[in-house]
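Each of the two complexes below includes chain A, the first together with chain B, the second together with chain C.
Our next item is the complex of A and B:
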């Protein structure tokens, strides 16, 4: 009975792992193939099943048969990091205010306002894209990094607010009250007392912002033309009349690399007990 | 260190119902006060008004004659120990103690001296470099207290049920420390509690509250001897005060079938005699003979439930010799008899 259970457990785990890992494996092997290598169906073992080549990888850095991804990579990095930083900074301040003070605007109270922040993430992106397009055109910011940063802040800040409001609500109000009694002004209370306790929340919110910002294709696609290209758009643009699967796969791997690094850093932080004792 | 005056203070919600009914009191500088009452009686509301976390809807709060009603919490220079220990988790014990002085811009050397002195006094000196997070609940409460003590001019220390989450064996220690600190530093201390024992052993003046109203404020002895209402008589003292229905006979009030009697007070409403089980004796006073119906063991004494002429009351009997069914010849000194009309003390 126990053996049966173990067998079932491990086969389920293996099956799922394979399901998750295979696309990566496929991209990894394909990135080292040539046109001959990809036509014969899925093959996995280099030198035996196919002849490895670094043509795909070369093409990413200026070689023939692809595009240089360095510029789009840098663009994506600038847009994502700047937009995430602004979103976290503004979102955290807004969240602290929403968590600690009572607001009233017409019939709307704090919870309505918090929902108002997230509500634009509920709308399909296509609905937002046209107003965004018109606004950026009016501002003369279409097809530019500042324009994209502006749009991404609008998209990412609700996530930061949403995560941080919840996190601040979990930090006892007594802590603020005690700081006031100790003679601390609200700004110092936030900076020296509340913020150090909110680091795990900041990490989570930051991670969400970076992932969503980095992976967004839709707005990067609709709000840029030729001058400014972000990585997801650059990768898709490889897909022309003849798709260079090897270059596409290599580019895909380059694009996930920062997130993989991020995942490992955050995982290390969490396992070190970064969250332990965060709230009481 | 300050005298706290609550002048015609009250707090009402938007719908007009009172969380705290109008009251007027003065708490002397260096005194110990306890706000005693069940949950939701308004004692925490009162504390929050004093600390400035809540603005009263009526009346003024004065510290040493200065109106602080509109001043915010920081400007009032109050320290508070909360029910659940609240400390700055991300800081060391030393930084926790230093924080109120840092916020007030005190020079670093002075801060160091104060923190060292206070930590020494509270027995936290060994832990100064430890993360405050790591300490036990009672030590955390001492840190909260310490954040008040580092300010030599702290107006008052407010204690909001600070012993609730403390281990029983540490409770006694912490209470002793609080009392000592009060004497050494001459601090005004206000303890909020629902535990009569805590209130009576800690405070010189106990303020009994119920339903948002101050029912009686007095020394533990006064509350014991002359409870202002039947509620106070029942709430304070163990066993509770005896309350027996009295009847009017001519110009006197009597307890039918016993020797209890007192002059008829003016007014109308049902009359009740009240007396403490502790005051029932055998030598002098009005006759209160009866038969023991039940007995409770209490170390060197016994508490007896006594039946007399259709009434039942409790008495504390010295020694352990009585047994159920005994007929006793008891007396109540005239000075120990209280008369209540509509549950309020009239004589």
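Our next item is the complex of A and C:
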């Protein structure tokens, strides 16, 4: 019975692992192919089944038949990091206020304001993309990094607020009250007492901002043309009727790599129990 | 109490309102105009667009399809994510390695993965059909037949977002106290009984949160459809976002697509609020 259970358990784990790895392995082997290697049907093993070449990888740095990923990579990095930093700073402050003080604007109370922040996520990108297009054109920010950062802040701040409100609600109010009794004003309390205790929450919020910022496609797709290309847009532009699968696979792997590191960070937090408080 | 409280809230709130207010008001205004490629500009046509969308079967079909797709994938993601979290929760060889592995798909760019999946589903050159033939299932017309394209989209969504459920549920599992499990053991409860009356109820609140977030995010599905199937074959994988995109960005019927967007938004907010209430009532015991 126990052996049967273990056999089932490990085959389930291995089966899912295979499903997860499958696209990556396929991309890796395809990235070393040439046109001949691709049109010969699906093959996996270099040298045995096809003659490997590094044409796909060369094309990433200006070689023929692909895209130069360096500039889009840098653009993506700048937009994601700047927008995430702004979103987390503003979002954390707002979340602290919503968790600790009570507000009333007209009929709106704290929970309504929190819902206003979070409800921005319900809006599909397509709803906003046309007005954003016109807005950025009016501001002269179309096809530019600052324009994209502006849009991404609206995209990411709700995530930061959502994570941090929950997180601050989990920090006992007694902590603030003790600081107030010691004569700290709210700003000092926040800086000295709350912020140091909020690091796990900030990590989670930061992680989600990076994921959704780096991985967004639609706004980058509709709000930029040629001057400012982000990485996902550059890669999708390779996708046409005669797609160079080798260049595509190499570029895809390069664009995915930076965030895969995040999986290790998250796991570390998870296994140490640091994440538990942040998602409750 | 403190005036400084506004110092915390207002910067974020004002920035968000400033960025979001114009697009929202603009969309409302445009939805009452017939702005299109021939007559760009704001005129007033009253509720004409709304009357038209009421009759637009393609729009309602897309919404129905989206509902099926969203509910189906999110439930599968939840079940699979929960199962995976339970699998690597306790005594497992190399569990940290498997935890990292199970998290990785949610870190990858959906649109980039979709482009890769398109090569995988390729009917003559992709690697999937040879494998299916090898195990005796036979080749599948992945992207050229309606049912199979729908399944292909679901597979990609499940691959991408099951890790999100896995992450939240595993974090929940790891934060559970040990005592209830000891008590269940002393009472002689087997693993299935323990799961049903101890583990699952204690994860009720997290489950509701995870399912709601995924419902919200999954209903926006766009990239997978755009890259993988372009809504086809025919309109068999067309979802609401994609249909609005076709009308707005491809046909350039700005006015009509604004009306579609707003109707969609209202339907979503109402539906999600009701779903949230129902889920809380069903799954959260002590807080309800």
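Here is the rule we go by: the second predicted complex is superposed on the first by the 262 of 280 C-alpha atoms of A that agree within 3 Å, B and C clash if a C-alpha of one lies under 4 Å from a C-alpha of the other, contacts with A are read in each partner's own complex, and residues count from 1 in each chain.
By definition in this document, contacts are C-beta pairs under 8 Å (C-beta built on N, C-alpha and C of every residue); 3 or more make two chains touch, one makes a residue touch a chain.
Because the structure is a prediction, the values reported are computed rather than measured.
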item: Partner chain(s) touched by A:146 [first = chain B, second = chain C, both, neither]; value: neither
item: Chain B versus chain C as contact partner of A:183, first or second or both or neither; value: first
item: Most chain A residues touched (candidates chain B, chain C); value: C
item: Partner chain in contact with A:248 - chain B first, chain C second, else both or neither; value: second
item: Partner chain(s) touched by A:94 [first = chain B, second = chain C, both, neither]; value: second
item: Chain B versus chain C as contact partner of A:174, first or second or both or neither; value: first
item: First (chain B), second (chain C), both or neither touched by A:131; value: second
item: Which of chain B and chain C A:46 touches, first, second, both or neither; value: neither
item: Chain B and chain C footprints on chain A, overlapping residues; value: 185, 277
item: Of chain B, residues touching chain A in the complex; value: 51-53, 72-80, 82, 84, 86, 88-91, 99-100, 103-104, 133, 144, 147
item: Chain A to chain B touching residues, read off their complex; value: 172, 174-175, 177-185, 188, 193, 196-197, 277
item: Chain A residues touching chain C - in the complex, by the definition given at the top; value: 9-10, 12-13, 16-17, 19-23, 26-27, 30, 38-39, 41-42, 44, 90-91, 93-94, 96-98, 100-101, 103, 113, 117, 119-132, 134-135, 150-151, 153-154, 157-158, 161, 185-187, 190, 211, 214-215, 217-218, 222, 231-232, 235-236, 238-239, 243, 245, 248-249, 252, 255-256, 259-260, 262-264, 266-267, 270-271, 273, 275-280
item: Sites on chain C touched by chain A in the complex; value: 1-2, 4-9, 11-13, 15-16, 19-20, 22-24, 26-27, 30, 80, 83-84, 87-88, 92-93, 96, 98-113, 115-120, 124-127, 129-130, 159, 167-168, 170-172, 174-175, 205-206, 209, 216-217, 219-220, 222-223, 227, 240-241, 244-245, 248-249, 254, 257-258, 261-262, 264-265, 268-269, 272
